[in-house]
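Below are two complexes that have chain A in common, paired first with chain B and then with chain C.
Showing the complex of A and B:
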């Protein structure tokens, strides 16, 4: 066998193997146990520490690419929050075409399942395409003014019972939960809202962003943070309702193992060819 | 004057904004800050007008001059025109508009992001070689983090996820802090240059 060829396997074979490995768990789930990290436990405890009936501001700042990682986090959060009779006010500021509709669908599904009513228990403000830092700063003092008195579908906010109780972020919001794939994301919520107003901030990030949030978790500026699909799976376990996060863990396991196997093969090929070159 | 006026506007705006941020100007200061935020909201919307105008002018010139790959520009202009007409007729939440957003824009976005995963796998396989000490450390850290992010890691080697978290918590946090502090100082210096008029490339007149 020519071991040197191991470092030059046709990329199409690599792609085919990855596709097969990602599809196997769909037909034969393995269900490996997922250990819960301290970060996820902190997120759960932070949400749990919001007083019953308190207000959580949810900003699902995602695009279509990262949605499979981040959507399960919002589902689990909505379950935990509604179970405590907390009120949710949601925005989605990252992607105009995808975020607002998805956020509404996710929370709406959980709300209907748990008997919560739109306008009374939760409100969706959607995307704000007019300079969101300025919008958020206006909402800090007056949500109706910042949101131009309209929810995502253009309904007047001042007619909604929830918005008669929740006037401003600074006085009425107990926790901010944001998901992050870029900007706007956690760093912006931290800069403009949570740090100046001392409102706890937690949430979740796509795995590619997760290394960037670590210093802020260590400094206590973020009250834990969920990392990628694994974080979502851990959070679902704590909330007690398995969902898409846990379902995706088997595919993630096999996908990562495949990459590691190919890394090993590539390095074996590299060393064999290096040794042969030395001998020659 | 044509060149100095934008610089003067930037200088005055920056000084006012910094003054509002760092000085306590009482009720009047708070009102001015709110007014400035409203101005930002309104003026920002004009960027959405200038963006498409610039895009159309640029690609129209590509088509007119038959630049290389001009067909892509022509396709973009065609799609812009068709989409605009559909959204005007069908409204933003009409069935055809929703189909364009959900089944074309979002689906394409998802597909492109998913394809990145395959490219990353391919790139890792081709380039992650144990060539020297630094590359070896990088490779070992990457493997531990990949195992730590999937339940199979703990199944193969117990506590892999905890070790992966330690890598994120300690060496990664230290590196990230350095990068962020450095980038922030750089951004601050660049802002000062813009405010003082030393950096003028944004006016189109060069530095």
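Showing the complex of A and C:
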């Protein structure tokens, strides 16, 4: 057998195999168990520790690329928060075109299901301009000022009952929950808001960033953090309502196995062809 | 077919157009999808910024509440357009200077507490009484110190503790990079799963 061929398989064949392997569990779900990690438990407990009726600031800082990992986290958070009658104020600061609409749709779907009303139980501020620290700096002292008295759809905030109770981040927000794929993301929220104001910060990150958040979880600057689709699936289990996170885990597990098999085959091909070259 | 279904159809076509890059490299279908994305995102951004940022700031804040202080900020910002005026480009540097100065100052004012907490987090108990915890703490401490040694390029590290420390730090960094690479692979699979769900579930209704 020509082992060298293992190293030079047409990449398009690999793409096709990976896609087929991801599709199989979608048609025939296996329901593989997902163990819940300490990090996810910490996130759940941090949200649970917010007093009933408290205010959670949700910043869904994602773009379209990472949405499949991070959207289920926001759905699960909204369920847990609304079940405690917590109020949500949401922003989406990473991507101007995709983030605000997606965040609104996700929270709106859960809110309608749980009988929560826009303006009373939650408000969506959407995207704010790129002078990020300045905007948030204004909102720390006066949300209406920083948000220019407009919600995502351009409606005046001062007419909304929730915004009559929640005036500033520093005095009225009990927890910040942010998702992260880049900047603005957890590091900005930590640097400019949670650390100076001593407001607990938790949330979730795309797995591309998850190894980077570990030191902050260890130091307690982040109160746990969800990692990618796996973290979302674990959180859904704790909240008790399976969703897109758990649904995707079978496919992801089979995908991992496929990638590992490719890695092994590539390395076997490399070492065997190296040995046969030496013999020759 | 309702508006939502049309939207899913369009999403699916866009995904397939983007995926065509994997098969044929840069091709007209991929390029068309790319241009459509850039064009629509720019148009959306302009409308959104005017509607939700500029108009409310002028109408509500400056005219409505008399916050004329914002006018000075606006003038300072508008000076950036002097970069298009031949011979007067230097005026645009005033705005740039303000942005850079403000950004650097703001970052310097807020970053040290976050960074210092990371430093103090390495001051940990190495003998906790619990074997596993002590082992983890010792490893954490060793990796933190040796990774710093690896990056201390001005030190001569050809023999002795610095040599071995630097090598250990290098291996520790390799483990960290390997872990990050594994995470990235997992993340990309999640993205494909999300797109497959749009195609198979939302558009074609083949899965639940």
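Everything that follows uses one rule, which is that the second predicted complex is superposed on the first by the 279 of 280 C-alpha atoms of A that agree within 3 Å, B and C clash if a C-alpha of one lies under 4 Å from a C-alpha of the other, contacts with A are read in each partner's own complex, and residues count from 1 in each chain.
The criterion applied here is as follows: contacts are C-beta pairs under 8 Å (C-beta built on N, C-alpha and C of every residue); 3 or more make two chains touch, one makes a residue touch a chain.
Since we're looking at a predicted model, the values are computed, not measured.
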Touch test for A:244: chain B only (first), chain C only (second), both, or neither? second
Let me test your reading of the model: by the given contact rule, A:168 touches which partner, first (chain B), second (chain C), both or neither? neither
Is A:210 contacted by the first partner chain B, the second partner chain C, both or neither? both
Does chain B (first) or chain C (second) touch A:66, or do both, or does neither? both
In the superposed arrangement, does A:273 touch chain B (first), chain C (second), both or neither? neither
Regarding the shared-chain residue A:42, is it in contact with chain B (first), chain C (second), both, or neither? neither
Return first, second, both or neither, reflecting whether A:259 touches chain B, chain C, both chains, or no partner chain. both
Taking the superposition as given, does A:33 touch the first partner, chain B, the second, chain C, both, or neither? first
By the touch definition at the top of the document, which applies to A:150: first (chain B), second (chain C), both, or neither? second
Starting from the residues of chain A touching chain B, keep only those that also touch chain C in the other complex, and list them. 11, 15, 18, 65-67, 97, 129, 133-134, 207, 210-212, 215, 218, 227-228, 230, 252, 255-256, 259
Could you list, by residue number, the parts of chain A that touch chain C in their complex? 11-12, 15, 18-19, 22-23, 26-27, 65-69, 96-97, 126-129, 133-134, 148-150, 152, 154, 187, 190-192, 195-196, 206-208, 210-212, 215-216, 218-219, 221, 227-230, 244, 247-248, 251-252, 255-256, 259
Residue numbers of chain A touching chain B in their complex, please. 7, 9, 11, 14-15, 18, 32-35, 37-39, 63-67, 97-98, 101, 129-131, 133-135, 137-138, 141, 153, 207, 210-212, 214-215, 217-218, 227-228, 230, 249-250, 252-260, 262-263, 265-267, 270-271
Chain C contacts chain A in the complex at 22-23, 40-41, 44-45, 48-49, 51-53, 56-57, 60-61, 102, 106-107, 110-111, 113-114, 117-118, 121, 140, 176, 179-180, 183-187, 189-197, 200-201, 206-207
Any idea which chain B residues touch chain A in the complex? 33-34, 36-38, 40-45, 48, 93, 101-102, 105-107, 109-110, 112-114, 116-118, 121-122, 124-126, 128-130, 139, 142-143, 146-147, 149-155, 161-162, 165, 168-169, 172-173, 176-177, 180
